[in-house]
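Shared between the two complexes below is chain A, which pairs with chain B and chain C, respectively.
And now, the complex of A and B:
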């Protein structure tokens, strides 16, 4: 193996890890606070992605695309939370099944609207050219994805550990009744977290579309990858999502580089080992 | 009990005359109902007895279908040899998945089966050399045995109906057996069953593999019925279709899942006059079910069931 290939695969792995972290962070956040596995996550990713492509085409700005894509997914998430999820609050299985049903409906509607043709993001000119990373030249937009993931992780960590809202969220997770008795508006907090999680799914869809094109069935792939990441890292843990994304991204990149036909098998391997030896995930808590 | 006997006799009679009296369309729809009834039964063994909602039962059907297509079409094995091999391979997958999901609970089980099942789906797309990728493998046909073309829709119906009835009756015995009651007991209170000395994990694992085997049998019929094996039957929408059918018909009962399949197939043929968005229709049906009986999924049936389970234990 040449050093160049090694650097290339490492950078690809880091890019994929960054994208996986952005995808999975919303899912793990919603689970951590609300114990809701939002299985419509992949559909919100698609919704954000398609919206973002329109916005980027019209405005030429990737940032505008990410924000609007995220906002549309957030609006969808809020509607689902207020109109549907609230009716089955507390019934874990019904909540999960409800989000599956919603996800199928959204994905099918998007299929009607956009057809099965793959759509990719028209990147602004500045992001298309490669940049010099010292070890090699690497596409600028991939560097941007990595930077965004680090910023997002840092921001979420700061909010969770250093602010009153973060403290309230952690209190709501640990002991809902006591948190409510302390005057924390838990239902509002839940809606807020679900909104943020949906925003992250939609924003991930726009960012991710610069890396892999929007396609029929991508919603399920994204959902599967995000689930794999949080199963490895531990459901509900932000640190777990980061580590799970790194493991999955690296394994997947090196496997694709050397044994492409078995790439999925190697994706399956870390999850299997975790399930056998540590079913709650690396940073998960046993309940 | 005598009511159920009469129902079974009536059902067998209906299945016997169906291919003789009905038209081609009704027979092919009948085939569909029977195959999906087996899948819904496979789903409800886990959902109704253990409270485990699985999204990978269609995966086992897909695996046996792929084994038949790969060995039968690409390698020219005879149908008599590929069918048992296909079922064994699918059951082996069920055993591995069963071990991986053994320690999970309701929602994490749902997530794990979704992730595992969709991994196989993605593999069937990616492993183009073996699976044919998106286009799949076409030309899967049943042979002519002793002058009877097994691939003929009506002959196919007769074989499928016989197998399905035998499997349903087998599961009926299972539900009445002490093993079936043990599964219900585990769902009610796992710790109590463990304290009583029952092998809880072994019982769950056995149920999972058994359900996988039934799905594998359904998969054998499905691949011969379609004549082509592609990734689409392994997709999430198929898994949710089966789940919805079982929920609509009542997954805690033996015949409910089959009833649910009949309802969905009829519903689909009605709505297909207006729209071809079947996935959306299924999503809406599932959504309505959950909103109309949110507790039905978890509690209302739960109380009825624990009551009837108690009376069954008392009478036996």
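And now, the complex of A and C:
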């Protein structure tokens, strides 16, 4: 392996890790707070993606696409949480089935609206051209994705560790009943976290479409990868999501580079090992 | 009393006689099956648009039979296809089946057709064994096998483009195996050196790491279709590999509908198929213009549409020739199909039931502001066995992930 190939594969792994972190951070926070695995998370990725492509085509601005795509997914997430999830709160099976149903409905509606043909996102020329990273030339928007993920991680960490809202979320994660007894409005907090998580899924849909084409079935694949990430990292842990995304991204990149036929095998190998030897995940807590 | 009865009976007989010619007007019921909902609906809709055009041209009746056509939605799913076929046979009295369109559904339909004996004209579905190792007397094909266009392409790439070492990246399932198999058979015997095959699971969206470790060669051949192909195409250009090695395609890469999404970067892309929407023959232009007059200017007839059109005409011709809808004469007539004026060019069925036809080497060009595949070279009368003897071909191993060998110096190519 030449050094150039090594850098190339590492950067590819980091790009994938960045995208996965954007997806998984929302999923893991929502789970940590309410023990709800939102299986419609992948459908929000698609919803945001399709919306974002329209906006980028109309406005020519990727930032506008990401924001609007995220906002539409957030609106969808809020509706689901307020109108549906709240009614079955605490019933694990009903919650899981409900989110699966919502995911299927959204994905099928998008299939009717857009058909089965893949679509791609027309990127502004400035973002398409490669930039010099010192070790090699690398496409600019892939660098942007990495920077975005780092900023997002930093912002989430600041919110969680330095603000009252973050403290309230952590309290809700640790002990929901006690937090409510202290006057923290956990249901409202959860609605907020769920909305942010949906926003991140929608935004990831637009960001991901900038280099992978958008198509039916991607919702399930993206959801699967996000679940792998949070199972490795530990469900509910932000740090876990970051580490899980890095591991998954790197393993996927190097496996695809050298043994593409076994890419899926290697992708699920770390998760399997974690489930066997440390079922709560690297940074998860046993309950 | 008796006289009255006689008159009555005679009257009824006369009435019956008068009514007889009307009752004798039988119908031929043609069932068309393809995916019109779900992820692959594009292909089924294309096929059906082609069939509708053929229906319009044929008119209401053939050989004294009223033509009745019913469209069925396969949803692109093998089990659903078999359900629909059963309904056609036992519930709806269908006489001839046109379709299905996709590879997996074609094989499912073949299995069903073997048991039922229904005259079946497979349209776009391309697994070679439908008309090879698992062939059935009552099943013929209006389209192609995966290897068929690649026999011509392998020769073209070696002889005309002068590429000796090809790096292939492809989707890991049987259709791409068959495509690159056909390619290797002729490429290696026309001066090629090697084809390195890299297989990835279908549904891969990120190719950056495959591109990072891509071996050097004279050209890269992407052997797949759909969203995988589009993602690969985009990332190939993002990383600037097109400046180092040209990108050529398997038959579905540039051909079936993703060109508008690929955009101008696709210009100059070369691939091979038994069809080209940029054909300039009289028959084709007439077909294309009629298609667009019927389905709107935005519609472009692609291969699945033409194959649906041809399959329907094959059914009508067979009934005309047989003069009835009896299965045996219809099947015999179908197997004798000759169509010297098909839109794609002349075709006739070989004794195994697959068309012998022109293969076009196509280049993506811009024509009237639209990206189209324009033929730049024609190989005439290519069969599903390419230049090889049918019996020898059938006796050899079917194409797989690593067969035939990728190294052209292998003794396999010595004959």
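The working rule: the second predicted complex is superposed on the first by the 287 of 287 C-alpha atoms of A that agree within 3 Å, B and C clash if a C-alpha of one lies under 4 Å from a C-alpha of the other, contacts with A are read in each partner's own complex, and residues count from 1 in each chain.
Everything below uses one rule, namely that a contact is a pair of C-beta atoms (placed from the backbone, for glycine too) under 8 Å apart; a residue touches a chain by one contact, two chains touch by 3 or more.
Please read these numbers as outputs of a predicted model, since none were measured by experiment.
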Partner chain(s) touched by A:217 [first = chain B, second = chain C, both, neither]: both
Partner chain in contact with A:261 - chain B first, chain C second, else both or neither: both
Touched partner set for A:75, first chain B, second chain C, both or neither: neither
First, second, both or neither for A:167, with chain B first and chain C second: neither
First (chain B), second (chain C), both or neither touched by A:227: first
Touching partner for A:139 - first (chain B), second (chain C), both, neither: second
Intersection of chain A interface sets (partners chain B, chain C): 217, 221, 261, 263-264
Complex contact set, residues of chain A against chain C: 5, 8-9, 12-13, 15-16, 111, 115-120, 122, 128, 130, 137, 139, 142, 208, 211-218, 221, 252-258, 260-261, 263-264
Chain A contact footprint on chain C (complex, rising order): 38-42, 172, 198-201, 203-210, 212-213, 226-227, 230-231, 234-235, 238-240, 257-258, 261-263
Complex contacts: residues of chain B adjacent to chain A: 53, 99-101, 103-104, 106-108, 110-112, 114-115, 118-119, 121-123, 126-127, 129, 235-237, 240, 243, 247, 277, 279-280, 282-284, 286-287, 290-291, 294-295, 297-298
Interfacial residue positions of chain A with respect to chain B in the complex: 35, 37, 39, 84, 87-88, 91-94, 96-98, 100-105, 107-109, 112, 217, 220-221, 223-224, 227-228, 231, 235, 261, 263-265, 267-268, 271-272, 275-276, 279
